[in-house]
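Below are structures written as structure tokens.
Same chain, two partners: subunit A is paired with subunit B first, then with subunit C.
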Partner chain A sequence: MKKNSRAFSTLGSIAALSLILAACGTSSGGTDGNSSTGGSDAGGSEDPIRVGGTLALSGPLAATGEIHRLAGEQYVEWLNDNGGLLGREVEWVLLDDESNPQTSAAAYNRLISQENVDLLIGPYGTANITAAMDVAERNEMVFPQHSATLTYAYDYDRHFPLFASGIDSSRTVSETIFDAYAELADEAPQTVGFVVNQNPATDFIAHGHEDAPGSVQVAQERGLDVVLEVDFPQGNTDWGPIAQRIKDADPDLLWVGALGGDSPALLAALSQIGWEPRHQFHLFPAPGLLLGAGEVAEGATSTTLYEPQEPYLSFEGGQDVSEMFTAAAEEAGLPYAVAEMQAGLSWATWQTITAGVEGAGSLDQGEIADYLVNNSIETVLGEIDFDPEQNNYYGDLVAIKQIQDGEFTVVYPADKTADGTTIN
Partner chain B sequence: MTATQTRAPEAPTRPTDNAARRWTTPGVLLVLVIGLAALPTLQESLGLDAYLIVFGYTLFFWVTQASAWNLFSGFSGYLNFGHAIFYGAGVYVTANLARESDPNIFVAILGGALAAAVVAALIGYVIFHRGLAHEIFALFTFALAIAIGVLVRNVDAIGGGGVLMVSMVTYPEFLGSVNEMLYYLGLLLAVVAVVAAALVQRSRLGLGLFAIRDDERVAETMGVPTFRYKMIALVLAAAIGGASGALNAVMISFIEPEATFGIDVSVMVVLMALVGGRRHWAGPVIGAVLMFSLSDRLTGLGMTELSQLLTGLLLVVVIVGLKGGIHERWQRRPRAGLITFLGVLLVLLVTGLGGGFIGALLFALLAMIVVLVVPDAWWARLVNRSREGQPR
Partner chain C sequence: MQQWIQALITGLLLGGLYATLSLGFSLTWGLLRTINFAHFGFALLASYVTYELSTVHGFDPLLTLVATVPIGVALSLGLQWFVSKVKLDMFGTLVATFGLLLVLEAAISRYWLQDLRRIPTENNPWLSNVLSVGPYTMPVVQILGLVAAVALCGFSWWLLQRSRAGYAIRASVENPTMARAFGIDATRLGYLIAAISGVSVAIAGSMIGILYALSPASALIWVPVTLAVVLLGGLANPVGVAISATALALAESFTRQFADPSLAQLVALGILVIVLLFKPSGLFRPTVEVSER
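And now, the complex of A and B:
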């Protein structure tokens, strides 16, 4: 009798599993993945243009991946409300890459060979972007991407980067950070402590690569005393020992190679042992989480390429991304419902696809790539000229923002600040 | 207990039946392999999705890794929770060869196999020479994979300072595009892994490993050279895992220690073998096909998180309801299982209800499992009833 009841439950479980799968298969109507078209003034009888991409919707990069998802959805809605692409509606086929580069590469293979998408947009995260770019290259597809930082590695001629840091990103970003602090003149930091996530993006900006110096080397070149270097694994949860080492080293400037939620966790651990940073920089934190750290994050600086202030609001689409993203983020309950760098990068990447397709007048990948390298593109980051001589990189547009009175504001360089705000 | 006692009892058969049966399985498998090898050429004319090539490669990868794992751990009972060490050795051979120039894929695969075999020989010697217990082996391999990941990250000469990239490899033109090359070589390695596992299973080495699994001390007293057999099987399993890792480096292209030596590969191969069955070479093949098809379909439906949940549920179902794995249960009702699988597959393919070949394959496997878990008493009643209904 017992044996039979066990078999019953086994049979029931399998039947349930089959039913769930069958129901999923039927309800999706053969369209895999999440797809979004937003509003719909575009299109007529023609099939929609399908843009395929992945984002880190789960895993350690999900906090930032969610920002890109919301921004992308808003852009697609805006685009369709404004006539779509080539007069056709646009559909975004979005898959979750779980913050994992291997999953990302597999998903792009699926998007190209099974979903038969017309266009690609890159994922979030340097590792995932790098893995996906190889798939795009093997299929000769145009690959605009938001945020990869390993600039030395990207020589695919149809890759279009929107992380506008120039081709020597580890040096240019580092120089910008220390230039900003140099504005403090006599009060500028003399010692610096590096605490760096081992994620390839943060690791590269901090430590560089072979001939490309990173922040540690740049700090030394500038005569700063590097009193601490600590690396921690992605997804780290044990912040106590790192906090203690920071306290012991007592640097003037705490340079945190942060991603996602690293910064608030580290700051909380520092508060617990009674050490407060005199100056603190955080590389790529999830902005809402850093602001949510409260008083201890006051004065924290970070990099940016877009903020909802002038001059960015005057750039092409600057106002749209700010208003639409904020509304969507508030509705979704995001901790920081303000369009900043990540939302801006996402919007600019979609603007690049739009410009390429509309400029080329077709979905031919070669023609889109040719248009993009031969024309200036107006984006929320400003005007961009992809330069094939520099692997499609161009100028350095990175700015530094700071939390002042509980809000982010751009403090460097002067032409990106509002009303001459300076670093403190 | 002797090794021969571990095999499933077989009904007495006539010599001619034996000869026919001996060649049936290899014959069917040969036809299957020829069909799979022809798929990239016929894919367009048959109107099949190009994604099948990508899906096929990844499936072959998991079949290879799960079969390699099972060849040692399934047969000997020494659970290896650090299979990623061997896989990773292969990955890093290709990645390091790619630092200077585009490597030849065959050199990379041979190098990967060799590197993994050397690592396995060192690990095996340390563990087996000291006669450490099964549990210690499991813990040791688990911890070693993590330690090697940290080591690779911090030794630039191996890990390239955290990230290495494999953009392109060289290979003969007749292998077609990169995806086709991966497909053909992935199939080749899968065949090598499955054939190796089948040959080992039927050899003195296999019998020795089964004896070790049942009771190592008794096996030793019966004259089984346990140290030698364990070393041979571990090195062979590692070489296959390393060769497959070297090829997979081209697929993943972005190489970092955490993803390579993390728990994903190590745990997945164990689960595949558990689900399919560890006592037969076909077990990991069935487990790999079922679990990867399930994961693929759910990922395609945008249900990645549900995929992990259902994979866990499937594992619970199989462990509770199909003790010994799907294959062991299948041996009780091979004809019913096969007819269900092929019947459902055919119906779904013809009607298109499975949502394509991969979905049809998955549902056919699930239907087969349903048939296999029907309790024996019910099954006998069903069979008797159908016989009674037949005209005499």
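And now, the complex of A and C:
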């Protein structure tokens, strides 16, 4: 009898857990698709055009996934308020990929085979994008994506990347960083110390891949003395020893292959041991957290492709993304509600699929792809010309921004800066 | 030499956090037979409450313990009430508390969103408050964390080994029927253990909120090291928890300082595997040996 009651209690707890999991899944998007149509000016009697995609709405990439969700929702609202696509309303069928590439691939299969979406838009995160792109390729569907960095790996001819760093991204991003310091700093760095998150995106930019040199090699080619090279795992919990190694190496330029909250944690540890960077660069930090680090982050530089300042505000949609994203983010309660690179990338990706469909005048995947490779596309990042000779990559549009007086300001290159701006 | 001593200091301070976080998990597993994965959700909630009270309402982050400790205790007591009422077995507690962890993550995600949160430096004086002794530096908040860990482990050891309540707790775990015959109220003692677990998880959570960036997914970061500490330290053995937490933190600290930082957790878990190969019961004996009934 006792055994029976134990068995029942165990079964009961499993049943309860199943219900809980089901509830969680529904609330966060989970296995049930969320769909968004935003405004309603577009229309007519035809069914809406369904655009399918996943985002990391839960899991370790969800902080940035949330930005892409808000930006995407605002774009769809803006699009429908401005007539939709081909005169039809647009519906975004969004699934949660849980920051997991396998889940992402399975979700794209579902979007195509069960949800019968008309168009695809890529997820967030290099690994998730790579997995989803395989599904898109098998189904010969156009696949615009905003944030994958393994440029050399993406030879699918209907893949359209908006992370505008050029096909040699590990080299071009690195060159841009060192050029900025060489040209603008009062005393150009002679030594550099690399501290790099092992995430594939940051690792690739820092260390490159076989024939594609990364920042470490580029620094050496340029005659900089690499005095420190340390990798750290995602979710690192103790920054003290790494800070001590930086202090011992004492580089002129601290190059942090950062993601999310890495940078403020490292800067706090450096501050605690009394070492102040002379120059500091952070690759992909959460911008709000870096600003929140206070005085120790003053002068920190980072990469960007869109900031809410000129000339970006004058680019196609630049003002819209800034205003609409900020309003939505403030309403949602995001602590840093400024539209910057991630929101800009998301908007540009939607602009690309919009331009392709409107240009082709149909939902035929081949015609959309043909239009995109044969025409310039106006986006919030600037004008883009997808080049089939370079896996549809194009020029390097990466700019360098710096925290000056507690705010991000673009400092390099000159055509992306306000007059007189220089690096500190 | 200076680097070795600084790495030693850093490891000891990190060990304080590991011990504080692991103590409650170990006590509830060893004495209440509850493998409480919701423990990590309780810590996460305490972290977010510390963040909220400091960032939005301007409280000193350490003072938020006034709120987080009662919350931690209430949650732990509530869970213990549920487990004792439903009469879950140990596997049942694992499944149910993992579900509760997911619920807590979802609730936190709904309220604070998925965006990363970190107490801004201007609201967090403890980030820059450092004690310097010669060339060596020690963040004051981590010193306080170490003191809290020693106090909690020391009190728990005293309670279990030297107090009448401790005898009663151990008796009720070893032989509940006999303990009941002697008039020991195991339910009430269970709540006492749950309350201690709640205090320790709240302190650990607030420390995490002060030191780290938060996201709803970050609770799971602490699972491997906590399991390693608990398995090495012997179930419900506060001294074992303190020593194994310190040993693992030192192993991580020296790895980060002198080898590849990305191997730090691997080294710690490697130590666990090697120890368990030769001594499957862990480095220290459980406070109460219980044959599975």
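By definition in this document, the second predicted complex is superposed on the first by the 389 of 424 C-alpha atoms of A that agree within 3 Å, B and C clash if a C-alpha of one lies under 4 Å from a C-alpha of the other, contacts with A are read in each partner's own complex, and residues count from 1 in each chain.
In the analysis below, a residue touches a chain if its C-beta (ideal position, glycine included) is under 8 Å from a C-beta of that chain, and two chains touch if they have at least 3 such contacts.
Here the structure is a predicted model, which means the values were calculated and not measured.
Within the superposed three-chain model, A:107 lies in touch with subunit B and out of touch with subunit C [touch as defined at top].
Contacts of A:58 after superposition on the shared chain: both subunit B and subunit C are touched.
In the superposition on chain A, A:95 makes contact with subunit B only, while subunit C stays out of contact range.
By the document's definition of touching, of the two partners only subunit B reaches A:127; subunit C does not.
In the superposition on chain A, A:150 contacts subunit B only, with no contact to subunit C.
In the overlay built on the shared chain, the residue A:273 is in contact with subunit C alone; subunit B does not reach it. Once the two complexes are overlaid on the shared chain, A:198 sits against subunit B and subunit C alike. Once chain A of one complex is fitted onto chain A of the other, the partner contacts of A:233 extend to both subunit B and subunit C. By the touch criterion stated above, A:207 is placed in contact with subunit B alone, subunit C being left untouched. Taken together, the two complexes place residues 6, 9-10, 13-14, 17, 20-21, 24, 28, 57-58, 198, 233 of subunit A in contact with subunit B and also with subunit C. Across the complex, subunit A meets subunit C through its residues 5-6, 9-10, 12-14, 16-17, 20-21, 23-24, 27-28, 57-60, 62-63, 65-67, 99, 198, 230-233, 235-238, 240-242, 244-245, 248, 260-261, 264-265, 268, 271-274, 286, 288-289, 292-296, 332-336. Residues 3, 6-7, 10, 13-14, 55, 86-89, 91-93, 95-96, 98-100, 102-103, 105-106, 109-110, 112-122, 127-128, 130, 132, 137, 139, 211-213, 215-218, 221-222, 225, 249, 252-254, 256-257, 260-262, 264-265 of subunit C touch subunit A in their complex. Across the complex, subunit A is touched by residues 49-51, 53-54, 58, 153, 161-163, 165, 167, 177-179, 251-254, 256, 258-259, 294, 297-305, 310, 313-314, 316-317, 320-322, 354-355, 359, 362-363, 366-367, 369-370, 373-375, 377-378 of subunit B. Residues of subunit A that touch subunit B in their complex: 3-4, 6-7, 9-11, 13-15, 17-18, 20-22, 24-25, 28, 30, 32-34, 57-58, 94-96, 98, 100-103, 105-107, 109-110, 113-114, 127, 130-131, 134-135, 137-138, 150, 153, 198, 200, 203-204, 207, 209, 233-234.
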